[in-house]
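Common to both upcoming complexes is chain A, partnered first by chain B, then by chain C.
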Partner chain A sequence: MSKSSSVSPTQLFAMIILFEFGTALVLPIGQAAGSNVWLSILLAMPGGMILYVLYTYFNRQFPALTLSGYIRKILGPYFGWPVSFLYIVYFIYISSRNLREAGDLLISASYDETPLATVHAVMIIAVIYVIYKGVNVLFRLGEIYILIIISLGILSQAAVLFSGALELRNLLPLMGEGFIPTLRDAYPNILMFPFSELICFATIFPHMKQQKLIRKTGLLAILASSLMLSLSHAIEIAIIGKDIYSRATFPLFTSITIVEVAEFMQRLDPFVILTLIIGVFFKMTVYAYAVTAMAADLFRIEDRRQLAFPIGIVIFLISVLSAWSFPEHNSEGRVHLITGSPFFTVAVPILLLLVHLLKKRSTHS
Partner chain B sequence: MNACRKPIAAAMLLLLSIVVLTGCWNSNELSDMAIVVGIGVDKDGDSGKYRVSMQIVNPSTVAANKSSGGGQNAIPNIVYSSVDHTLFSAFRKTSQKAPRRLFFAHSQMFVIGEPLAREGINGLFDLFERSRELRLTSSVVIARGMKAEDLLNILTPMQTTTATSIKDKLEVTSEVWAQNVDTDVTDIIKKVSGSGEPAISGAKAVGNPIAGRKKANLEETPPQTNIETKGIAIFAQGKLAAWLDGKAARGAVWAMNKMKSTTVNLDCGNEKQAIAIEVIRSSTRTRVHMRNGKPVLTMHIKEEGNLTETNCPLDPSNRELIVKLQNQLAEATKKEVETAIKAAQSKKSDIFGFSTEMERTQPKAWKQLEKSWPDVFAETEVEINVEAYIRRTGLRIKSYIKPEKE
Partner chain C sequence: MMFYRKAQRNRKPSYQSHTDAANAASDNGGKPPISAGLADNLAYLRQELGDSPDMIVRTFEIGGNRIPAGAVYMDGITDKDMVNEYILKSLMIEAGEAMNPDEKPDILAYLKANALTIGEVHLLKDWDCIILSVLSGDTVIFLDGSPEAISGNTKGGEQRTITEPSTQVVIRGPKDGFTESIGTNVSLVRRRIKSSSVRLEPFKIGQTTKTNVAVMYIQGKAEDHVVQLLRERLSGIQIEALTGSELLEELIQDQKKSPFSTLINTERPDTVANHLLDGRIAIFVDGTPFNLIAPTTFLMNFLSTEDYYTRPEAVAAIIIVRYAALIISLFAPSIYIAAITFHQEMIPTPLLLSLASQRESVPFPAFIEALIMEFTFEILREAGIRMPRAIGQAVSIVGALVLGQAAVEAGIISSAMVIVVAITGISSFANPSYNMALSIRLIRFFLMVAAALFGFYGIAIFSIILISHMCSLSSFGVPYMTIKTPSVPEAERKTLFGIPLTKEKTKPQPAPDSGGSGAGGNDQAQPASAPSNLLNESGSS
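So, the complex of A and B:
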């Protein structure tokens, strides 16, 4: 937006990894594949990359425009405006879902008497502040926190290795039910969550310093984050087994509570709690940022920062009010994975692509 | 206008941050908490309720111990019990009896009374999974032939609390004697949620458990009443089906690949059990194959040991003698494992995780056998193969004992 905002490729790389980790690292993802979730993640990765290429394609066509900008350009103002508006609603909802997940998991895991609204309020204040400070601050933060989250990961995985809690045979059978359930889990479930969520980076791309590197950096980040996600979920299953994994609300937490190194290194749960907080913070902030960027564009608001507070409050309220209970929140999530998510992250972008190509051809001829 | 607004806003923010920075919404002071070190569950008569006993450290004795080096005047731990339909409400009900708030994060022992274990234990562990305070790594034992409450009430010397005393015995004996297993809650959940059955060690009172409640029990050697870990309980359909003792228990430990170290006595010619071999390393690999539509299990045990004692003249510099001893060791091991497997098969109790192995490596066949697994398990052929090595003989090779002259 303003010329001062610029994001370097390293920062984009770090942010995509943090974003993909977000809640996908701590939640059980994909239910059908059982012990093969890690394989499903790897299978879903190419799909995620294709979607990312699609999102960056629009950026190459309209380098200066944000998501809502080119939606209106492609579909025309009459169709474009409402579609862009729906994206705002969608992003607000997802951002609030992330907040709710963090809140509920934090409360289940350690802050059992703290009201949900309090936990959410503390987090949303930080989010509002960062959005107010702008995209540069957010991405510089990301650069720092990627190091923290990776060190936490290395430390906990070293602890896992030395504790002997790892039972690799828990990962068997490899595709015991055949290839299909593993694939079914990858498409659409894991493709939708977390890979297709990268669509909100479409609002970040215009801020990139080196436009040419967006695609390459992003694909590398997707590769790196999928490998790490896959490894981490494989370790979780190797520790707690697929049965406990599939029933756990917070499998990473459960796994780490079992890890004990030589009796003195026990209860590494703060590591996991930190990972959860850091991951969710960046994920929901990127979503919230996308909302402010698009709303500023749609409603022609000069200073995007004015929107930080109202949008933060809306996210906060939805996060508290959207579900009565955590199980209800989860079942909403399952519906969302096969409705909202494919619609906004696959169907609409493909439609945009088709319309754009048709238009291009007609102008050429 | 702006210039004077800024400091005020900043001050407001600082004030607001006080609210957040105190942290710990649900903070508890250490002096208001009662640290629970062990939990016991029994059935309460025929009411269908649980009788839950919580062993709490008496904080003054722990502190006194450190400063004066023993000579405590109060008993080191106290047990409170409550009766309710669920474990959790029994925990909370105990607040009517205990003067402090119960804190469970240091509880490392979960004791189940044998009468309850015989009726089934599968429902007991849900709370452990959901709770953020209870540890999934708590060890579990069965109070053998008695109620968990009576076991926890026995005062034990050396260790401050009964629960830690049991836990430490269990840990050490599992490692050096291997006729018990240190089973934790996670192990049990993993078994129970699949088609396997848990194997849980027993702990029993030797002497009069009622007398063991008195402080006098700490002032005598040997203590009038002591707690001993004894045997491994095997389960069928979640109910305690039988006890494995002695060599059968050790065979089970071998078959479950939990063997760390133990001692095997071997015959020395005509002298029975005259040679002690210390097994220092052992690993068991179980694989399952399908033969004519039936599962066949092969178990490969590889163990290494040292010769540690002999009561007969022996010259291990002779290579053939070592080979002979190795074969004897392998034979002895095999026999123990066979005893354990037979005992478990007769009770249809798959404590060895064979079902898990089937599920992992023969998923298709498993689908068909899953429903009738306990019966299939009872009939399954198990091939045991032992590879034993004796590596060293300690600081001497030849014994000073001379052959008797005839």
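So, the complex of A and C:
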């Protein structure tokens, strides 16, 4: 990897939190748990941590290689190359899904007369620019925006507290339908989204300044982000109740529109929109960066920056063309959550681990 | 050649031998060697400077042997008293009394050692040095029969005295400011840091102007690789003329294409001293009171000199005000446009009603309205800089009443817009750095366009691009957007987000003994070719 780029542990911490927030803060996550989503998030967290440890395990074995690099090393070039290529396709798809979610919220919130493609194009320009500037700029940007996101969060949650819209009774009954639905919501749904998505950080680990701190920093970031996610979703449910929560397209948006403080702060929707724009931006940029890193590795392209524009355009086109409507997009998402996601983020890494361990044992004996 | 012959014809025939030599040399493409004949040398120098009337040539004889000699200096940039007292008097009178008429071997060296009672004297062996010396204000002495010359430092002449800086004013703090003379400027800083580890490295930049540039830092505090990088950049500059620090700033920046300047400038010696003590490097440019500091981060732009002389608790609060002013001056018009055009729902209903009734008579969309007002404000601002003091009051009445109040009453703009533009304008003056304020003025218009097209979404995306651009900037290898103060070790850091936590200069670092064994490596790196007398000034002694 290029020597000039280096990412500090603080930057990684900030970026993982931003990435986890991404769309998970705004979209309803988990389908069945109802009022206990916040518990499901906490239940899914250990699973997310185990997956993260698995991803960092490969990094410890191959510190200089990116995801596609060690896939080819473990599976051999003939199997490794197509599998790596599938990862590229998968990452492009996820990145474009993120863009679509932001675009649809923006259109439903205040841009009802702006075409979807225009909204997406504006966002993709920023993504292309940042990818072009390189991984260092992306992570330094994350360090700044985490402060913005957290201050937005504190402001809006303070507003919620003072508005009196909080109805804690909405959170009851605690596990009213027993432990199983809550657990089933956590595994696999919440584990897949957002926790398992951290696999694309495997392309960033080689840029880390202090390789030893990757695991510790990441686990701390997962802990912090799931606590904040859990709190935020608990507040959403407490405000709007589990019925509306499970029906709303964007529950955070719906709940924040109810909040009104002192007859002055009547509409906090811009906060939500800003949060979503920032979160989606970072999430899709990390994915897009992962794509460029892997594509540069697979196709032996020296200058990764050349790839920023073509990959940005592909993501843009897929985001517009993949679904005709947001409900269609959502149903695609549900399918994806039980097929593509487990395959790429759990099955393949475990397979890689097994092959790697077998190889290691055979070389040892 | 024709021109040359013409000039030659006016001279006495005795110059023949010299001009032959000159011709031979000019065929080789260089300047001739210094002739042994005094008259030849003086004539050549006259001709090189185009027979300039402000070049004064005084011929005389030295000692009992009556050796013909000539002193050359430029009128106006030399200190005449010094020329008369320490050059002419000592050579014409005192040298003759002391000199043994039988001694002949190396008369120039003798004079240099025994006769010239002046601080700085050099033996010059080629015409380039001589001409540069004369043009810098030195007095050059030729002797008949010796192919060398002596220069004595007699720089002086009229200069602006040290006055209070006009752009960076403090309430409590020193009142001296830099002048246009690099020697004075360096001495102002020297007076504040009496340390043997202060290093000063001279450079000459500009083929025509030969502007003196000096780099000052404290050895052991400034990072060696930054100093080395700066040296390389300065010696790599190929430019015809350097007339101020603005151009130099552009030439040595890490990234040239950016609205942000990654060096800060100051006209206050105490600011320079404080930065030097924090391990940064000062770059002095002759001919301007604005000297540069490197490396710089974004947050350093929000520190004012006043902060060093104010209680830290108060400074912390004031800096928060400055950040708020930054955000207002950058975002206020675009947020107004976005709210009015796209996001009316976020404005509280009573305010929205009032805004709507104000805007009822306004024929323009909010963006055009904002553009008109912002542009008018920019015109007023430009005019304010240039207009004569005497009519300032009249213009401000026109600006405030006619353009503000009357435009609202005429229904061209809404009064809310006037408030927005006014607060934006005032906020931009709260920024201690004029450079930063200029960049923000520029970016504000792009933000307004983004807001007019896409509302808050446009502002958010533009901000992401803007901040990522700033994240990609660096100043001599130090990231521009870092929160940390560059060059200061972690343990001694005394600012948080640019807010100083304590003013104490922490425990003094062991100053490395100058020229000692430990610092040997750095001494080698100093540019060897630069003459050492460039920065001194006779008047300041």
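In this section, the second predicted complex is superposed on the first by the 365 of 365 C-alpha atoms of A that agree within 3 Å, B and C clash if a C-alpha of one lies under 4 Å from a C-alpha of the other, contacts with A are read in each partner's own complex, and residues count from 1 in each chain.
The rule is short, and it goes like this: a residue touches a chain if its C-beta (ideal position, glycine included) is under 8 Å from a C-beta of that chain, and two chains touch if they have at least 3 such contacts.
It should be emphasised that the depicted structure is a prediction, and the values quoted were computed from it without experimental measurement.
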| query | Regarding the shared-chain residue A:Val122, is it in contact with chain B (first), chain C (second), both, or neither? | reply | both
| Which partner does A:Asp112 contact after superposing on A: first (chain B), second (chain C), both, neither? | first
| Is A:Pro270 contacted by the first partner chain B, the second partner chain C, both or neither? | second
| Touching A:Ile258, do we find chain B (first), chain C (second), both, or neither? | first
| request: State whether A:Glu177 touches chain B only (first), chain C only (second), both chains, or neither. | output: first
| request: Return first, second, both or neither, reflecting whether A:Arg169 touches chain B, chain C, both chains, or no partner chain. | output: first
| First, second, both or neither for A:Asp243, with chain B first and chain C second | first
| field | Doubly contacted chain A residues - partners chain C and chain B | value | 110-111, 114, 122, 266
| said: Give the list of chain C residues in touch with chain A in this complex. | reply: 342-343, 345-346, 348-349, 454-458, 460-461, 464-465, 467-469, 471-472, 479, 481
| Which positions of chain A touch chain C when the two form their complex? | 106, 110-111, 114, 119, 122-123, 125-126, 129-130, 133-134, 136-138, 140-141, 144-145, 263-264, 266-267, 269-270, 273-274, 277-278, 281
| field | Complex interface listing, chain B residues touching chain A | value | 20, 25-26, 129, 132, 135-137, 186, 189-190, 193-194, 359-361, 363
| request: Could you pull out which chain A residues touch chain B in their complex? | output: 108-114, 118, 122, 169, 172-173, 176-177, 240-241, 243-244, 247-248, 254, 257-258, 260, 266
